[in-house]
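Same chain, two partners: subunit A is paired with subunit B first, then with subunit C.
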Partner chain A sequence: MKKSKILNSAVLALTILGLVFAIGTADEEGESPSFEQPILITSIGQSPGAMMAKVLAKRVELEFVFEPTATAEQLEEMDVNTVVAVVGASGKGLGAAGLDIDDEISRVNELICKANELEIPLIVMHIEGAQRRGDMSNQLINKFVPESYYIIVQKSGNDDGLFTQLSDENDIPIKQVEKAAGAAPILDELID
Partner chain B sequence: MFHKNSARIGLSVILSITLILVSVSAFAAEEEAINVSQVAVSDTGIVTSAHPLASKAGAQMLSQGGNAVDAAVATAFALSVVEPYASGLGGEGVATIGLADGQDVIVDYKSVAPGHVTEETKIDVNYGAEGAAVPGVVAGLAHSLEKYGTMSLEEVLQPAIDLARNGFPMDEVFHDTLSAHGFYEKMVEEPEKFNLNTIAKRFLEEGLLPEVGTTIRNPELANALELIAEKGASSFYEGQIAESMEKATDGWISREDLKKYRPIEREPVSSDYRDYMVLSPPPPVGGAIVVEELNILENFNLSQLGRYDHPLAVHLISQATMLGSRDGATFRADPDFADIPIEGLASDEYATERAKLINMGKAMEERRFDVPQGNPGAYQTEEEGVEEASSPSTSQISVVDGEGNAVSMTNTNSYFWGSQLFVEEYGFVLNNEIHNFTPAKYKTLNTIAPYKRPRTVIAPSIVRRKDGSVYLVVGTPGAGRITTTIVETIVNMVDFKMPLTKAIKSPKFTSRLWYGELRMEEGFPEETIEELKNMGHEIKLYSPLDLYFGGVNAVHLTENNMLIGVGSYRRDGAAATVEE
Partner chain C sequence: MQNIFKFNFYRRSPKLLLTLTLSIVLALLPLVTPALASGTAEPTSHDIRPRYGVRDIGWLSDYHSGLRNTPGDTRVYQMSGDKQGGAVLILGGTHPNEVASVLAAVLLVENAKVSAGTVFVIPHANNSASSYTDPRHDVPEWLEFETESGTRTFRYGARYTNPEHQEKDPKRFKHYPSGFEFKGKESRNLNRVHPGKKDGTLTQQISFALFQLVEKESVDVVIDMHEASPGWRLANSLICHPDALEIGSMAKMDMEMEGTDIKLEQSQPADKFHGLSHREFGDNTDAYAFLIESINPGQGDVSGDVKIINNPEHPLKDRVKFQLSTIQYILSSYNIMAADQAKKIEIQLNVDLANLKGSGLSRILR
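Now for the complex of A and B:
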């Protein structure tokens, strides 16, 4: 009986220790890799968010390549050290790019695989707020945000806590901004 | 996937409409008793359009004693402010006006090619000055008002001026459309090239897309509207605004071109459909094709099929509209530049010949030249020589007033944001209608020429009962889907006895040349889809209530003299009435 109590206490203590360690790890942004210029700005879903990211990158004078429909092959040819992908699905945008949602998922899958192979870290941004949270966008968010090393999200786009949840579940650092413009100083601070 | 996404978007749209409607209603309560809602009932007049604030502007005219024409013109000017991407001062349009005394007239204020063009002029230019034709909206609205309205330009322009000057909340459609056709990119990347510096300040926040609900003001446009209110349409075609347009287009549109511009009154194309009379505009727009397609369908007893989603009903309508689109490809052209067999296109005899081409159990090949060319010229009363021989984003206004006057009006910039070239000093965009001409090498009736009107598919229509009373005022945006969506809405009401709301809301489909398949909104029974496939139709599905199939705004006068107005379900449409 006593032995069992001691054992239980030890298990509990270890569990608590483990949890504390896990929480500590999640909070430590030092766990994410270093992000360096030049960056590739691309889209996941072909919404205008990628163009907004380009405006922000220009504002903080980051060196970048802008290619909303970048492919794995193109990434291989590019001299970039970070991929910044802006997630948000737009039917109009996909249509204009000659893609459907399945094409887009396939393109982004291959791009991320190639980035991993080349050890290029991925930052995912969602900066168009609540109106870019339809089911098609959610599908892309759920699929690709867990692949990232850092998340930047505009507050109204995270009202339901989806990005926070994905951050927690996958130990990905996250920064939430009130307005899209707030993402510029974060990119500036984050990327050397 | 599309379905769920659409439902989510639909919820957001409903929320934003609700927000706007709440603000409109609150505002209305202070000013005057105007009700704005998706569906409205009244016996004193209804205005429907693609935006609640524009519908409200029209209803204000009714409340001030104006007629349907006054209301439609006020609504059109208000749309130029709150939906500048779809229609506006730099655009064009057509109005079908049906007066209570039985007089029906078409006011054609389509744009015209500038005077300097030749057959060699490049027409596949979508953006920039060379995509733009001489705009007709201001002349057309002023002409309609002066001849058939009762109020002054100053009065009907006031709501639009207030909206432009004081601002309005950006809705989801506006927000999404800011990035259509690369417009956002041009505002950010090439503002000088397209004169977008000022408008970027009005529509963006520090170069970024603003959130839905942000107040948008366009004081430059307010200035233009005030000038027109004060000095009339001539200020647009001969005054300072004309000078600015010439400058903005680097002379592509000259002051001489603008000075020469005139709207044209035409006879509507009309024909019986069952117990009703359909009136729609002649070429260069799509009304004659709507009439032809309905005439073809009159050869089949659709009502016996009992329901709109019966596979044979869908098959027959798809085949009729395919045949109509074949004729539209040939005969939609400026009738002032070519002999168009309009009477033949609208004749029952010609439609009967076309109907014989339909196989009840097999779809015709949906390829452009496999669909047989007809010869409607043979059905003209007077024989005329006939030579062998499309555009998206528009805005529909449908109005009926308490006296029984009706207006069906469709205005457009062609693409959303037209040529994307702004007349910067006056805050409006120029159309991109030039691409609607057909390359000269095809030797069609639609080859570009000085002051010629390019063809489009718009078809603002009025359906009268046999006793002359208005039954339905209907029209829609939606490019190539315009004629099919109008035909299906009329068939739904006339043949399948559906109420207006259901007639509009029910899933739509389209079958035209060039498409290569039968395009359908989701919502048809599985067995219908299977049966259509068995008939040889290749099916492509779209999400429910997809804007691709247009955005019908319509008013129906019931047998009990009750008006029912419906704002488009596929766009943020609204119906406005004066509280009784």
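Now for the complex of A and C:
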């Protein structure tokens, strides 16, 4: 009697555990693909955010290629399994790369098309806070965040809820971090 | 004498002061100008009280003799540690009206100790521009601090080289060597003439001497301190030469962890803009080049009695703290990033930046 009760409880517990696990897995699979190394770190808008992501990737020892102006052709040649694109527009950065905003939009467009074709998932990050939320940045955010499979945003950059809204509308998981450095452990956890 | 005279009268009657100053300047002009033109003027000296952290005090003209006996010459404070290491050049007073840059440099000279490497500090990079206060701006001529050793005063200098110290501005100023054009008065803006010119104007020669220093002393990091008006896009920012952006990124994120927000930018491309320190030191020397901007309520659209030291929103102590802590974070990031560990640079500030109370700076000035 006693024995079977314990057994029943154990079975019940295992069943519940299994259910929870199954839901968890199904949930994850439904929302995002698996992200694997090596990663390409690129920019959408040429702000210093991409360089910040490079520093973070080094900190958690991710294997990466850093190419803020990566093109579709370059992606084809690269041996990467995930694209991490850091969004933020900088006139100075674009100028330094010899690009204007339209060049940048078409480069990123082609890059994302190629990534989809090669089944390489895209993570979009915004880690420079409110100060990197001008008109030009907003244009890029609205255009490219919906193409991503995961969003990481620094809180003050999402004060108006734009990233949350894009996440809701497009069913993309989102992780909000207080400080840019907080994106490092998220990347580490997310990417195998 | 003249300075002390001005200073005493300033508070009571700015109008009287202006009239007096103008009359004195006008009266002396015919006498002064030929002397300056012949290159025998003494550089302005300032009240700076170094401690043992300073190993050597030289002149900028030690690196370019053309500056000797000109109002563009200035003191170079060399601080070095027991441990060998890399070298950093820290510039205050490139624009002497950006007073936090001057005070931050003075505090380094008066309080800091270098434990590894060599630190060159120039508190008045454009010393000619620190010889006068621009009469068009409604700002105090002198900043006053009541310290344990009595009242100490620091000049609220100007943005541009003293017009009396340089030939008349050209209609358009052609940057050397690029040929890029600016308004004429920018020929007197130290942060538009880099990398300078050996036989150029006084301002170009100051710049040339700074580049000679960086070359001769094998400087690894150049940090140029500035301030901007509260509304300016680049207020509270760190601008990095592209080669220095990774160090800057690390510094920014570490500062953020400590609770200080700083905007990160990179230099404009070399074909778009010329003459800025972060661009030109980065392009023309082996150094990593940075420019820091804090916020000065005395700049921009100033009306009435603007408080420079005890401004409620942007007190000077906070701006000085911002400059010094950014320098510390740049150097700690540089130390991690620099491939050669024998090139480390370590500064002990010996100032409790977090707990500056009241007017704050009075207590740490000697």
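We adopt the following convention: the second predicted complex is superposed on the first by the 162 of 192 C-alpha atoms of A that agree within 3 Å, B and C clash if a C-alpha of one lies under 4 Å from a C-alpha of the other, contacts with A are read in each partner's own complex, and residues count from 1 in each chain.
Keep this in mind: contacts are C-beta pairs under 8 Å (C-beta built on N, C-alpha and C of every residue); 3 or more make two chains touch, one makes a residue touch a chain.
The model shown is predicted, which means the values in this text are computed figures rather than measured ones.
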Room on subunit A for both subunit B and subunit C (clash or fit): clash
Contacts of A:Lys92 with subunit B and subunit C, given as first, second, both or neither: both
Greater residue coverage of subunit A in the superposed arrangement, subunit B or subunit C: B
Partner chain(s) touched by A:Met52 [first = subunit B, second = subunit C, both, neither]: both
Contacts of A:Gln139 with subunit B and subunit C, given as first, second, both or neither: first
First, second, both or neither for A:Leu190, with subunit B first and subunit C second: neither
First, second, both or neither for A:Glu128, with subunit B first and subunit C second: both
Which of subunit B and subunit C A:Ile101 touches, first, second, both or neither: first
Part of subunit B, among the options 2-10, 74-82 or 542-550, whose backbone runs into subunit C after overlay: 74-82
Subunit B and subunit C contact sites that coincide on subunit A, given as residue numbers: 48, 51-52, 54-56, 90, 92-93, 96, 128-129, 131, 179-181
Complex contact set, residues of subunit C against subunit A: 240, 242, 245-246, 248-250, 252-254, 256-257, 261, 263-269, 272
Touch list for subunit A against partner subunit B, complex: 47-48, 51-52, 54-56, 59, 89-90, 92-93, 96, 101, 128-131, 133-139, 156, 179-181
Subunit A partner contacts - residues on subunit B that touch it in the complex: 1-2, 4-5, 7-9, 12, 172, 175-176, 178-182, 184-185, 188, 205-209, 211-212
Contacting residues of subunit A [partner subunit C, same complex]: 48, 51-52, 54-56, 90, 92-93, 95-96, 98, 128-129, 131, 179-181
